[in-house]
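Think of it as A, B and C in the order they're written, each chain with its own count starting at 1.
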Amino acid sequence: MSILLLLLFLLLLNNLLLLGTDRLAGMNRLVAVQGCLLAALLICLDHVIIGAAILLIKGVGLPLLLRRTHLRIGAPSSVPPHLPYAAAVLAGMLGLVFALWLEKQLPLPQGFFPPFLLPTALGTLFCGLLLVIGRASALSQVMGYLVTENGIFLLGSPLMSAGAVWFELTLLLDLFVAVFVMGIAINHISSKFETIDVGRFRSLRD
Amino acid sequence: MLEALLLLPLLAAALMMLIARATAGRTLLVAAAVAHAVLTAAVLRRIAEGNPPSAFGGLLAPDMLGGLFLGVASALFLVTSVYAVGYLKSEEDLGERSHMKTGERFTNAPERRFTACLCIFLSAMTLVTCTRHLGALWVGIEATTLASAPLIYFHRHRESLEATWKYLIICSVGIALALIGNLLLSFAFVAKGLESANEAADQLSLLLRLAADVAPGGPAVPWLKAAFIFFLVGYGTKMGLAPLHNWLPDAHSQAPSLVSALLSGALLNCALLGILRGHQILIAAGLGGFSAQLLLFFGLISLAVAAVFIVGQGHYKRLLAYSSVEHMGILAFGIGLGGVAVHGAMLHVLCHSLTKCMLFLLAGNILSRYHTLSSHDVHGMRWAMPFTTVLWAGGFLAIVGSPPFGLFVSELWIFKGALAQGQWVLGAVYLALLAVIFVGMSVPILHMIQGTRPADLPRATREPLLSVLPPLALGLTVLLLGLYVPQGLRHALSQAARTIGG
Amino acid sequence: MNGVYFLHLALALLLAPLFTGVINRVKAKVAGRHGKPLLQLYFDLFKLLRRGEARSTSTTWVFAVAPGVGLAATLCALALLPLGGAASPLRFQGDFFLAAYLLGLGRFAMILAALDTASPFEGMGASREACFSALAEPALFLCFLTLANIAAGAAGGAADAPSLSLSSMFAGQAPAAWLSGRAELALIPVALFALLLVENCRIPADDPTTHLELTMIHEAMILDHSGPNLALILYGAALKLWLFAGLTAGILLPELPFWPGLICHLVAMFALAALVGLVESVMARLRLIRVPRLIGGAGALAALTLILSHVR
């Protein structure tokens, strides 16, 4: 139990670090760490197969893919964000407070969620959305999408069961393909626009 | 049969990637479309006979609602695949060229990748429409996003890339929210001993059964409401409900016209199906009023937003895209009204898809002739391309809901539904917005048709058959549906409408 | 109990300059040098006390009084702190406010003195010092609040539990708590250590040994001081370092009997000194605009702990 709590706490800490980090390489490392933490959590909750798959895809595969993309396009190490880092961290903190408040309001059967899992999941989800909205570089938006998905996985972890492993694995595959397609798109963006700052996407509007 | 329906397009896609010959790939595309359409017809027939097929242990088992959307997707795919043969041929001849606005040099994506993605896209839509497992539905909708993103980036220039990126990120994140809706649905029934909803292949029936026992004011109620909100936001993003529609005009205006036709005609419906599944469960739980109110609200917002952007729109593909936002709004409005309006909405799904597909294909013809997307620069169409012009004018009359066409009937039914519910004010607002949109659309479209032919444009030559026959077929169908709805279809529509409160 | 406290206070007054000595020695060793003697600061202090003082003609009495005020304020703040696990005899509800603002008073005096010299460098240093300490203050209060919150929780949430004094905050700690699932408690020492570096002008916030006036903060402020007054400033700085290290060590250490407690306390203090030395050796000085992010990070960690400790 204490290991579970420790992992959840590390996830939260990892979220705040992600929100406060400006270097893309550092963010990528944090995303990898988050994948590993998520995998460890699921293994703690006795979902060994899914945990292993997550470790493979979110802990190793996708971060490597993103790193390779980053290196190949030679993007700058950081892109100025839409949302200042301090504001993002503050918003993440407020999101966490909200999630903690929400947990108390929800009519859930006792013991359905391991303690503290729900707020962590919602906090992670919120952190991911903040990254998608608040960051201007295409790579960090993809990372934000990944973090959002991590939050959803965490939220769904009490529902995972041995009989539905196929479903979770399909979800993971979907996610992998999604990030893969986004990676290709980033390659194209970098070669067409000579930047990955999607804040400069302004040619289409009414 | 359903296995073949799902896997056949995938097989075709794999073959296309292997075969380098362009003509072989195009033949394969049409062959896959025809085979899919034939199989779909067989499936629909079995559903109508009350003997629906089932595959993968019940994972694929379409009901009439899904079957209707499947039929639309398959029919549109068949038509566009025929159009695609001519389109891809002419694109191949063009080679590298300059962007008409920015002057940037660009090429096309490899053709076989394009056709393969089209087939994967079809397969994903088949999964969405056939499955009764909400998780699989989610996977299918995400797969449609991933398969259609490369389609939007067929013309490899900056604007289409920008549209593709917006589409990918906004829709992926939006759909991720819909997955939360799935989880919340399961949470609602945890207290009733539901261990894992994902294990049941026929998840929808299980959830409907559980929902039927939900006591009003019970602990499950807030969960179900929250789940529907997440469905609405998540799938609503993909469906283009305002204010979540931002990606839609960009993607539709930058994609090749036949892709826009499929996106507008088939894909938006698939996302609507996701919302309808949630609506279905809420109705079973006795919370239909809640979801209907939300649908009504977002429907009207979409109509209003579309009206604002349609008036003065100088970009004819964006015009059509906003018209899709409008019609998605009408659908949500009709379904939210309930009763006879739902029947109207089902007919509207069919007619809107056919008409919008036709209009986008015609827009492709206009673009290839005039090389501009601005409706101010297109004039004298009736001299330059008479056959397309006739269809374009007919399609315009159809899409704004003029009498002889099917959309008139369906929009009238929805209005009738509003009056039957005693919603006079809503009905009046609906009519007023439709009138504004009618005027807003007629200005640019009439401007395009009338006037003199631009001096630098050669006189009318014979238009390629493959570019006008598919829209013609669609237009005739819509006209037919306006004059006469066959008994079988009428029956099918009401069967579909019954599942969602009609 | 008071006897233990006074012993610790005496040790603090006596050993504070040694703390700086240890830091410098560790830095020298890591850099491969032999370094200054450990007792160098003591020598400096004695030397300075025997010297006369040179004062610029443009300065006023503010300049003369400030070092004394600064040292007195730091001493008073130190006296409010529980030392080595023993509660301060001066404790009262809310004394952490007084402690924090006594430190603020000392800093204010020094800033006034720096402005009093009318030297541009000192004015610049003063403005930087004011800026960073203004930022560090909320973070420090967040740390205190968190500790008070935990102490209140340990006292069973009784409304009259004296949780708002520094002594009870530190007494309320269950030091091994972060091993049993309350990992967030480990963040407070980290945040306090970061504040230690910022408040005491160590790398990465400021470089105490720099020769470039343009990049200096604290050192720039005291350029004009000399003689006994400079000694007071140096001694005050050493005491302040001891005070912050004492805060950090107070959380880390469990309650122990007298002798082991004393030894552990001293070991922990000098281990912290060594840690500061190591940090100074391996890190580069941050650019000035990045320093607020360090402080903000410390504040964020403290806030996270506050949130989490409040929920559990």
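As a convention for this text, a contact is a pair of C-beta atoms (placed from the backbone, for glycine too) under 8 Å apart; a residue touches a chain by one contact, two chains touch by 3 or more.
All of these numbers come straight from a predicted model, not from anything done at the bench.
Engineer: Using each chain's Cα centroid, which is most distant from the centroid of chain A?
Structural biologist: Comparing chain centres, C lies farthest from chain A.
Engineer: Find me the chain with the mean Cα position closest to the mean of all the protein Cα atoms on display.
Structural biologist: Checking distances from each chain centre to the full centroid gives A.
Engineer: Please report how many Å separate the Cα centroid of chain B from that of chain C, as a whole number.
Structural biologist: 65
Engineer: Using mean C-alpha positions as chain centres, tell me how far chain A is from chain C in Å, no decimals.
Structural biologist: Centres of chain A and chain C (C-alpha means) sit 38 Å apart.
Engineer: Using the average of all C-alpha atoms in each chain as its centre, how far is it in Å between chain A and chain B?
Structural biologist: One centre to the other, that is 30 Å.
Engineer: Could you list, by residue number, the parts of chain C that touch chain A in their complex?
Structural biologist: The touching residues are 179-184, 187, 293, 296-297, 300, 303-304, 307-308, 311.
Engineer: Which residues of chain B touch chain A in their complex?
Structural biologist: That would be residues 102, 133, 135-136, 139, 142-143, 145-146, 149-150, 153, 156-159, 161-166, 168-169, 172-173, 176, 179-180, 183, 186-187, 190-191, 195-199, 219, 222-223, 249-250, 253-254, 309, 313, 318 of chain B.
Engineer: Report the residues of chain A in contact with chain B in the complex, numbered from low to high.
Structural biologist: Listed in rising order, the residues of chain A that touch chain B are 107-109, 112, 125, 129, 132, 138, 141, 144-145, 148-149, 152, 155-156, 159-161, 163-164, 167-168, 170-171, 174, 177-178, 181-182, 185, 188-189, 192-193, 198, 201, 203-204, 206.
Engineer: Provide the residue numbers of chain A that touch chain C in the complex, in ascending order.
Structural biologist: 1-2, 4-6, 9-10, 12-13, 16, 20, 85-86, 89, 93, 96-97, 100, 119
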